[in-house]
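Please find one structure pasted underneath; my questions will follow.
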Amino acid sequence: MSKLPSRASVFRRVLVALGGLLILLLAACAQESPQTTIDPQTAFGDDIQYLLKLTFFAAVGVFILVEGFLIFVVFRYRAHASETGAPAQVHGNTRLEVIWTIIPAVMLIGIAVPTTRIIFDTQAPAPKDSLPVTVIGHQWWWEFQYPTLGVTTANELHLPVGQTAAFSLESADVQHSFWLPRLGGKRDVIPNHVNELWWAARDVGTTPGQCAQYCGTSHANMRMIAVVQSQADFSQWVQAQKAQPAQPPDGSAAAAGRAVFARSACIGCHTVEGVSQGKVGPDLTHVGSRTILAAGIISNTPEDMARWLKDPPAVKPGSLMPNLHLSDDDVNALVAYLESLK
Amino acid sequence: MAAHVSGEEHHPSESGYIRVAIALFLFTTIEVIAFYVEPLRLLDLLAPILLLLSAIKFATVGGWYMHLKFDSKIFMVFFGVGLALAATVILLLMTLTSELDRPGKPFQTINTQPTLQAVQAEEQTKGFTPKYDLKSIGNVELGREFFVSRGCTGCHQAPGIQGGGQIGPNQAHFSERPTIAGGLLPNTPEAVEKWLKNPQAIKPGTLMPDLSLNEDQIRDLTAFLYSLP
Amino acid sequence: MAVSTAAPHAVTEEERTSTGLNHRMVLMWTFLGSECMFFASLIANFQVQRGRSLNGPYPDELINIPFTSVSTFSLLMSSLMMVLALAAIQRGDVKGLRIWLLATAFLGSLFLGGQVYEFTGFVQHGLKLSTNLFGASFFVLTGFHGTHVTIGVIWLMSLYFAAKRGRIQQRDSLSVELAGLYWHFVDIVWIAIFTIVYLLKV
Amino acid sequence: MATLIRPMAQPVVTALPRPHAETGLWSWITTVDHKRIGILYGSTAFILFILGGIEALIMRMQLATPNGQVVDADTFNQLFTMHGTTMIFLVVMPLSVAFFNYIVPLQIGARDVAFPRLNALSYWVFLFGAIFINLGWIIGQAPDAGWFAYANLTERPYALGLNTDFWVLGLQILGVASILGSLNFFVTIVNLRAPGMRFMRMPVFVWMTLVTNVLMLLAFPVITVALTLLLFDRFFFTHFFVPSGGGDPQLWVHLFWIFGHPEVYILILPAMGMVSQILPTFSRKPLFGHAFVVYSGIAIAFLSFGVWAHHMFAQGLGPTADAAFSFSTMLIAVPTGVKIFNWIGTMHGGQLRFKTSMLFAIGFIAMFIIGGLSGVMHSSPPADLQQNNTYFIVAHFHYVLFGGALMGIFGGIYYWFPKATGRMPNEGLGKLHFWLTMLGMNLTFFPMHWTGLDGMPRRIYTYPANMGWDFWNMVDTVGAFTIALSVLVFIYNMMRSLRHGEIAGNDPWDGRTLEWSIPSPPPHYNFAQIPVVTSLDDWWHKKYGGHGEAATHGAPVHAPMAGASEDDGHDGHAEAHPHMPDPSYWPIIMAAGMFFLALGLLFLPTVPVGTYIICAFGFALFVTAMYGWCFEPVNSPTVADAAAGHGMAGGH
């Protein structure tokens, strides 16, 4: 029979294990969370953050008080064998009842007042000089239209830093929810309703977002990114988007790809300026300039694009884009063509 | 029931019931007359008057015929809670959907939403008799919704449906065509179903992709196509 | 009922309950309170959909106020017949009960007939369930009311035949009263529907 | 309101042998005994709890790692839809109803419910509804639109299969069961209280049952209408929620939550009632502020109809509506807080005995506080814009529904197990169950707060690796399996205690309410003599005299004091037995009729003829059962008064 460990060594081992766990937890916390809601980059986000902190610390305070008292009561009043008879049969205390009705009510007023202010502030009409953006939710991708700039793109929202973007949210099919966590709260996208949302991004950078209202099979795959750029970069991007797509030189792989595109069902659903006018799927006029494909679930590399073109529903379950049973050559040509559409 | 039985002694007599009926009759008559008095409507008085009158009728039937006025007050509570909540819910819902301040406002139709207007389609079908018994093929309505929502409009146009691409044939007069699939198949429901199931197998290289439709979807689409004038 | 049968007949002449109210009466009133929410949701739906039809036929083109007023009167008067039936059985007048029950059911059927006629006319004018939102919400609201009337007529006729076989005596007046409560409820719902759907125009 | 006092037990007519066996399958199928129906409800709901739990475990396996490959997207969507629907409509509600059935008549001193056959019908309709909604699994088309099934995702173009049809029709059937059951319990509580039991002398559990049933009566018609509209959209091509026809998908959201928010309280209030029974018993003190606990329950119910739009803060209702619904939502925190403070007040100064049910009750309070506080956090609409539809919400409502409702129900099971079975549950295993549950649930649901704030939306079947959600999702999964383990311990404990548990006696916990004054398990007729109630916690006062303060010499726990029931239990002679309602076949036949009516509709779009045939069959069953029911006397015709005839018994 092996020797039992002494109490002290058991204690030490528990400590070590706990310490290990703690380090593990810290390591986990330190992980990057690109879609976090608690690192706001807009004034709207700051307002939300303020309310979150207010309610959170109020909640923590109440939590500590009430749970603490609960634990105290549980330990203090546990029955002892020595006790005989019943404890004092207290039936209640009206004064206490009034107190613990009023105190929470007062605390809630403390939350309600800033809440109301922020509700009305954030839902006021957007500032006059803001950039209008029409967001259209589709099953399972995002369409972004810039009506004043004449640009249409998909899944990749480009915004100038510091300028308010006024979103008008529409849906082409079912309910979605437009949500870029770092840039502010979500707003549902509802068919036959036009919802409004506006904010100005503070810093340059790329931040992910995704649909937050369950919208069918590939709800999980309905992602997007917001690219916040300096005014100059943004103007440059707009110019590039408005330009006619590049014409592939004759005899190149891209030209072959354009031929495949034009003689396949692609043209029914996709627009490429000067080639086709499909409205069902994303506008592909400048697809080569995007960094993501298929609503952000794959990156825009030739390999990923080939995988996507070969069998879209395998990449994004339920995808409306059918498997066109393209040959490998056709796929390669198409990839060359689409990647050339910068 | 003891309280109930004792309460019954105070129930109105039969002549009382008849008097109540006369009152109800009169109130309804006033309602209907008020409906035809144009000035009331112009002055926005019609709705309040009608609502008041019908509330009085409501209370009269409840109070006298249902004996709420005479029976235990508990019944009043049971019924009243439901009634009060019912009225509140109607008013709140109307408020939240802007029906109170802007009544009768039709929704803005959004251009991104493919509009299927069943009735327009139906009006166009007037005088058109389908070649086949559509019900035995599939469900036309489902087929139409499917046609719009699942991308067929990307390439095809059809009567009664706004928008629609011009890559594939316009599906108007579908049943009058002698053949389908560019002449490869006769224009029969069986052939259409076969075609929709896998166009590439019938006509390799066709622009029409295999949309991985299931049997029900194929039948409904076929029925829809044959319903087109 | 558990309690009523727990003791010999003499004791259960009146059922003994905590409130002194009969179980079935409490049940019926509670049920009617619940039904209020049912019709409220349907009416709310009608109100919300009002004026949102994308295409005709619109209510103005179809609704015939004089005709519906007449069937409204017949339903209102059936309520009178119903209380008279109850009053009859409460004094032990089984014959009177049968006559008034029949009259109630007849007026109810008249109302239903009117509704069938109205619906047929609407369909002939091109308004079907699937035509537009007015058609859908109108048919669903009035249709569910009509279903309630139909159930009421069946109930009344069941009572009539039971009375004919001598199964309803003075002490069973409660059975008539319950049917009456239901019938009057259907009537007051129609009062609301008539005003909201037919008379209120915007 | 007790204007009439029921006489003390009248020794009535001798019961003849029943037409049906008292044991065996048929006796259960035809039973109208509220205790048996309670057990049927409880065991059915528990089986469905295991089913819903398995669904959850598969989901947790899928989400344990990024890009999980356990199930595909469609299956996952079916899993979470059915997990939510099952846990809400088929587990927590019916488990509560099981307690209404078993306990409420005992606590109010009644021999049965007001409408025993209606009660049986309610159970069978529930069972058939539960089967119906799960039928989808068999053909691989279980409901997949989420438990709130937002239109227009549920409309034909986006939901082509039978998935949503199973959901719509199944919920419609379950709604019927709920309405029937709540009508019955409402009348029972209003009308069948023992003499002297005024409303304010009713135990809190009875009060919360009453409030819950009022909520069901008022909330379920709304979902019935919403489902009907959806059903018309799907089967008869109306456009209520179809945007292309001018319909408004948001109307569904409104109607759903007008029902859905009261539904949340329908889930939690019964558990609050149970906790309010358990805490006083194991503190040996009366409930602190009984009246306030009752009133706060009523206040919660009242407010619950005015807060539905807080589920819709992201829907863009406008600032005024957001602010108004935010206030009403915050207001609900006040009565909820009152309840929690009163529970702690009950324990304060008591002699706490930590039996398993007491542990669960304390666990309920501790966990419910967390759920309640996170609820306050998203009562603020702007903050909710970041939390809505994320795992933060998932964490919140699991703290309320698992940490709250289910913990309360587990407490109730341990508390009333001896009453229902006559045997004590094993304390050691019970405590193991409790601690595993606590550990498992906090491990599962607490990290969801972080993943939610880190932007993880709910209802996603997969997520990429670089989002920072991996670790906590793995922790969630470990926690979920810990919960599964705790449920296994619970099942083992129940099986074991049922066979080998210590004999309980009438009043093992030294209880305070009427159910402890009668034998365990209670005889068929519950009370040989209907007790006369003179105070709140009447049984305690009968045991200890006066107001209970006189009890200075620790009461013997396992020997009941002289009470109203000296003669029951032992002899079982018929002459002391009141005649109880006879079993009936009609409830199950009627429920089957409804099942076929719904089943037929499934074939409408594809095989209309099948619809007509199956619906006609269902309708025939239904009408037959209805008439059979109306003409069947409650008791066998040998009873004198039944022979005298009750005429056309319109409805039961």
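Order as written gives the chain letters A, B, C and D; numbering starts at 1 within each chain.
To be clear about the criterion, contacts are C-beta pairs under 8 Å (C-beta built on N, C-alpha and C of every residue); 3 or more make two chains touch, one makes a residue touch a chain.
Every value quoted in this text rests on a predicted model; they were computed, and no experiment measured them.
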A student comparing B-C to A-B should find more C-beta pairs in contact for B-C
How many angstrom lie between the CA centroids of chain B and chain C, rounded to a whole number? 24
Could you tell me the distance, in whole angstrom, between the mean C-alpha positions of chain B and chain D? 35
If you average the CA atoms of chain A and of chain C, how many Å lie between those two points? 52
Using the touch definition from the top, which residues of chain A touch two or more other chains? 171, 173, 191-193
For chain D, residues that touch 2 or more chains besides their own: 1, 3-4, 157-158, 190, 217-218, 222, 237, 243, 245-248, 250-251, 258
Multi-chain contact residues (two or more partners), chain C: 14, 19-21, 26, 30, 33-35, 37, 40-41, 48, 52-54, 130, 132
So with touch defined the way it is at the top, what topology do the chains form here? Options are line, ring, star, complete, other. other
Among the chains present, which pairs are found to touch? A-B, A-D, B-C, B-D, C-D
What residues of chain B sit close enough to touch chain A in their complex? 107-110, 112-114, 149-151, 153-155, 163, 165, 167-168, 200, 207-212
Of all residues in chain C, those that touch chain D in their complex: 1-9, 11-12, 14, 16-21, 23-24, 26-28, 30-31, 33-35, 37-38, 40-42, 45, 48-49, 52-54, 129-130, 132-133, 135-137, 140, 144, 155, 158-159, 162, 167-169, 171-172, 175, 178-179
In their complex, what parts of chain A are in touch with chain B? 136, 143, 170-173, 191-194, 263-265, 267-269, 277-281, 313, 320, 322-325
Footprint of chain A on chain D - complex, ascending: 72-74, 77, 145-146, 150-153, 157-158, 243, 246-250, 283-286, 288-292, 314-316, 318-319, 322-323, 326-327, 330-331, 333-334, 337-338, 340-342, 344-345, 347-354, 362, 365-366, 369-370, 373-374, 376-377, 379-390, 453-464, 466-472, 544, 547-549, 551-555
Of all residues in chain D, which touch chain C in the complex? 1-7, 10, 12-13, 110-116, 179, 183-184, 186-187, 190-193, 195, 197, 217-222, 224-226, 228-229, 232, 236-240, 245-248, 251, 255, 258, 578-581, 630, 634-635, 639-642, 644-652
